[in-house]
Amino acid sequence: AQDVIKVAAVWTVPVEQQWASRLHNALVAAQERGEIEYVYSENTTATDYERVMREYAEQGVALMIGEAFAVEAPARAVAADYPEISFLMGSSLPPVEPNFATFDNFIQEPSYLTGMIAGAKTESNVIGMVGGFAIPEVNRLMNAFIAGALSVNPEAKFSISFINSWYDPPKAKEAAFAMVDAGADILYAERFGVSDAAKERGILAIGNVIDTSADYPGTILASALWDGTPMIDKAIADVKGGSFTASDYGIYAFMEYGGSSAVYDEALAGADAVAAAKAKEAEILDGSFKVEINDAEPSSTL
Amino acid sequence: MTSTDTVLSLEGITKRFGKLTANDHLDLSLRRGEILALLGENGAGKTTLMNILFGHYVQDEGVVRVNGEMLPPGSPGAALKAGIGMVHQHFALAENLSGLDNIRLGTEGLFALGGKAAARKKVEQIIAESGLEVDLDRKVASLTVGEKQRVEILKALYRNVRVLILDEPTAVLTPQEAEGLFTVLRRLAANGLGVIFISHKLGEVLSVSTRILVLRGGRKAGELVTADADRRAIADLMVGKAVAEVKRTAATPAETLLEFSDVHLRRGSTRESLRNVGFALRAGEIVGLAGVSGNGQGGIAALISGLAVPDQGAVLLYGEPITRADPRALVAAGVARMPEDRQHDGVVGTMSVADNIAIEEVRSGAFSRMGLLDRKAMQARATSAIAAYDIRCPGPDAEARLLSGGNVQKLILARVLEREPRVILANQPTRGLDVGAQSEVHRRIIAARDRGAAVLVISEDLDELFALADRFLVVHAGEVSDAGPSDRLDRGAVGLLMAGQAA
Amino acid sequence: MSFRLEARADASIALKLLVSLGAGLAALLLVAIPVLFAGGSPFTAYGLIIQGAFGSMFALSETLNRATPLILTGLAAAVAFRARLWNIGAEGQLYIGALSAVLVGSGLLQMPPMLLIPTVMIAGFVAGGLMMIIPTLLKQRFGADEVVITLLLNFVVILLVQMLVEGPLKDPLSMGWPQSVPLLAEAKFDKLVPRLRMHWGLVVGVAAAILLWVLVRKTVLGFEIKAVGENRAAARFAGIPVDATMLKVALISGGLAGLAGVSEVAGVKGYLSADLSPGFGYSGIVVAMLAGLSPVGTVFAAVFVAAVFVGADSMSRATGISNYLADLVVALSLLCVLIGGFFLRFRIRYERAAAPAAGA
Amino acid sequence: MDVLLDIFGSANFWAAAIRIATPLIFGVLGALICERAGVLNLGIEGIFVAGAMAGWLAVYLGAGLWGGVLVALATGATFGLLHAVLAVILGLSQHVSGIGITLLATSLSYFTYRTALPTVTSPPRIVPFQPVSIPGLSDLPFFGPALFQQTPLTFLALAFVALVAFVLYRTPLGLAIRAVGDNPASVEAQGLSVRGLRIGAVVAGSALMALGGAFLTMSAFDAFFFGMVNGRGWICIALVVFASWQPGKALLGALLFGAFDAFQIRLQAEIGQVVPGQVFLMLPYLLSIVALVLVARRADYPRALLQPWFKGQRH
């Protein structure tokens, strides 16, 4: 075994948040395997972000992971001040040599596939989608989902709302209820709370980022999953091997790297739909089909 | 001294507030059926003693006994249970509740249901017996001071008290209301109630009490049987020296300084509304405005104070109409204004004596330069005012809230009279003041008139008006009538006008 | 046994020291509970808190950097509360101040830093002030409660900022992330020390505190503010223009909070986003009250609150305890200091039942 | 217009309005009780969080749903007692004490949650309260679905409105609470304890506030999340003023707020973003402000609100 390296993560959200949890879990797993020592701060405000980064940097970590989205300039400044540390930051901007690598949850591919499932399954032709904030990484997934659904069902309409909070399940649930009342028979569950509404009203839902089908038996048609493990493991290996570069680690979220996947409940979704999705999945994997990355804010089409 | 008749005895009561000893080893006893008048200058310690008796304050030394039983200190609940009732100097009423609810408050178990009907019956019976008429269902906020006073007394009677304390109950009552109260008190005393009655009005004291206890500086200054007492003796006992009689010479009115011309003022409340009011104040005269409280005095005061302008008609100052509600402009023009409620409108309690003396003129050159305060000037003015007006206080830097009522009034006099004003509004100038302070205020007002000022005195105390006024106005239901020179009037004639009947 | 409170005229220096010490000790004892609960050692934790707040130039800079907006929002609360104008809306005023700084300073006006910085500051001050003038006018005209309205306006303003940074003000270079176009370099505050975050906003804050002290103590307006705050009716009767004075207070209070926003944008962040302030507006109230509404005291109270947070946050990282501990430590310290302040204002006298005279 | 008719005519809309209103009803009643006694309780936001966390945690640890409700009540009462000690007994600034309580209750809840359940990867869940159905009533047209989609806590909230109104207006206790918020001297002069009443009111009111939080984790949802209270407590502070400190109007205000929120969600869902979403989110606040301005003159303020009371001191 190689020596254990110290990894710090600075999250702007609590670690339960779907997005952070994928990476957090991968890091915890790496720690449990004895590969790293993992420390983190959560719910860090934008104001505190730079300080927290610097404190970890001063503690002497080898790899720092976090989200630079709202704090691009200071995060990059910190990285510049600590060239010996490797930074792997969620960011919509390019990496910076020599030590500032970037990533994002590019799971538009499985989102597209789950869209196909939903598009085929809907009977009312109304799909409800509840998001947190209309930011690129949410928009991107919603747009891919919509494109997937429209590819198999041009009649499909979408009801979309944003609850302006990352964490308000009761509110997300209310938004979802509203969509059911507006005729939706499938809900795209970008936030916690939406699947609960689907389950309560006896309709179907599409999962996002994490697999919650066990929590909502008979409700989750399909899910677009993100797995942080390939990227985290790659980054750890790169740091240990001295090969960490300021590259875009976002690609490890693509299906071909195993960073994302679509799972289906065939009993709910129907064999035909799943088969079609799997065929598309193959095209994605062999590179013959590319899912467009569209970060524009989607809007209801009812 | 412990007779079977004694319902209440205070023994060696001492109370200190910091360095001040408000009560110094005071003894007092009260018999059934007795009306004991408690007298003393402002700040002599009367209210403090009663507050200890009732459990609002905890004494430093001494005990209170009711029927020989020691009363636990600091518990109004225990005092009430022992049969002590108190009508507070400052009303202790919840204004958002009805009179009946104020009376019931605290008399039933907190979760008892349905006590209201029984309570109403009992209160109505007490009203019938005592003649203390009040509308029980009106919110206290909408009652007149007289009615509030009656609710306070009913509160005590409702509890079947054996001792009733009244702390300056008549300070805010009209003469008629006060007379009604005395009738009730005499009847109650005849039925065996012991009454302690605090007042600064010696006439009342002489007419209603059976015994008089005088406090001075927290100690007992003397005790008299009312039948043997007269005004002079009591006043001298209170003040510790002979009180100067205020003498007023005939007025020599000159030119008109302030004039109301066909003034109408419409306000939400009738207290301030005025209709078709016209009168003039001339230099060198004191005009007394008589009237039952709430008939429009507030409106006249607001207009002269610069807090309002007429909705119709005009108030002319030196012949020019006042067009803006601007107290500062009036002050600058030489109008002195003494507010009706000196604690509420007169002083900022948490500011110093010096600040309160300067407050009307801070923006003027006297106390500031280019927006910066001239603390030295303020201090100097305060120091001289404290000496000249005998304001009893620890010094110019003491907070005004620590001053007794009389001294607050002197502070206000010092503030407004120092500039030699040409027009003076004296609204209830001696309400709640002791005789010493009263004569001091009267002397100052008369001196200002003699200097050539035009003075309007608003008062509900006819004795005061007859002592001061050269000429009477009477206000009733928002209309003002001219009652003529005071030497051609008597109380009866003014009383009729106050009741709205043409003389 | 019952107890009675007696107001102290003035607390001696020794007592003040004693009380501060007592409050500090009590806070430390209380903080030990969660630290032990999380399996840490309290003594290590204490050391780390101090080190994290003051242990290095970096730590000191971070503490002062965090204190900067607190000084300004603290002053905003202090001046308003002196006039009994309950401004709970410093958070919203801060954002409005920041918003105007961005509107003015992101390219709309081209001028040298010597002019642009004051312009940006004035814009932020005026905007924040107007933001407080609205509820004050509503109070004066309609009797509407300013506590509630300023509180509600906070939510409105933050939503407005969200809307603008997602819409018209959005930085085209932000890759879709909701943040505003950046301030021009000439509009930004310089750092006080190169490579450390503390910036000229700190100087602005301290200067504002001194100015406010002069205002409160030495000027006619300060006198009038006090009178209006302590007894509105008497102030009105004495001819102090109550409404006008309240509006001036509103302008100053909201303006100071607006300056806090300018300072965060121009000194720290460089652009506006909806997460600019982690509740600086609300903390300002706490800071002001800790300082007994004294302007100069506000500076110290702000540094105290900032130091506790920064130190405890740093400690949580060093010990591996959940970083939610930081807010908990701030809350506990705050309560201890508050209670300490009580002992400065009052002396407690215990009462026995007065002994009856024997054989009476 | 059709859209509007659709929305307002649907039982589901009204069901949503009632559901969204439920935590607010608890909160506004709690704040109302405190303020009626003369004590502003800005701790409400934190007490919501603590109630949400503690109630949920108790259920998670096996206390049962009603056990969780009791734990939430006790938690709220405890923070209420702390506020009472600071604001009533010590007479400290009610603003600061309240904000301090919010900070303490929030951070303590988060810290406890994280430290007690350190290894969670996705939030653990409980089985929450389920909608009650009463045979016969539940089948009524319109009212059936509107009311009987609700869980027991909603009915509890409605019951509390009646209870609080009853206590306030029909019992001597209510009389005393109303009096102590108007003029503490009136209460002391009648032999009641100003402190006792205020402490009791703050404790009871805070316990109710905690139920508002508990509703979020035990009824509206089944897990605890950081930040999920999301300003609901502050809304209640506004609603109390809107309601002129009357329980009936408090219910009305909460329902209006719920209805508006449900409406904006539905409008967004049905017609999409014609204007930025924030405009809708702002509207409830702006409307509250407008409503406040309109009712302000008539509102009957508890006159002693914010004013500390010390026995034996001049006031």
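Per-chain numbering from 1; labels A, B, C and D assigned in written order.
Please note the rule applied: a residue touches a chain if its C-beta (ideal position, glycine included) is under 8 Å from a C-beta of that chain, and two chains touch if they have at least 3 such contacts.
Fair warning: this is a prediction, and the values are worked out from it, not measured in the lab.
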Labels of chains that are neighbours to chain B and to chain C: D
Separation of chain A from chain D, taking each centre as the mean of its C-alpha atoms, in whole Å: 35
Where chain C and chain D are represented by their mean Cα positions, the distance between them in whole Å: 27
Distance between chain centroids, defined by C-alpha means - chain A, chain B (Å): 75
Between chain B and chain D, centroid-to-centroid distance (C-alpha), Å: 45
For chain C, residues contacting two or more additional chains: 4, 159, 162, 166, 322, 324
For chain D, residues that touch 2 or more chains besides their own: 110, 278, 281, 311-312
Touching two or more other chains - residue numbers and ranges from chain B: 58, 74
Interchain pairs in contact, sorted by label: A-C, A-D, B-C, B-D, C-D
Interfacial residue positions of chain A with respect to chain C in the complex: 39, 41-48, 50-52, 54-56, 58-59, 69-70, 73, 81, 92-93, 133-136, 139, 164, 295-297
Of chain C, residues touching chain D in the complex: 4-5, 7, 34, 37-38, 86, 88, 138, 142-145, 147-149, 151-153, 155-156, 159-160, 162-163, 166-167, 282, 285-286, 289-290, 321-322, 324-328, 330-332, 334-335, 338-339, 341-342
Touch list for chain D against partner chain B, complex: 170-173, 175-176, 178-180, 182-183, 185-193, 300, 302-303, 311-312, 314
Interfacial residue positions of chain D with respect to chain C in the complex: 40, 82, 86, 90-93, 95-97, 99-100, 103-104, 106-108, 110-111, 114-115, 118, 231, 234, 237-238, 241, 276, 278-279, 281-282, 285-286, 288-289, 292-294, 296-297, 299, 310-313
Contact set on chain A toward chain D in their complex: 14, 16, 21, 24-25, 28, 43, 128, 134, 159-162, 164-171, 173-175, 177-182, 184, 192-193, 196, 210, 212, 215, 297, 299-302
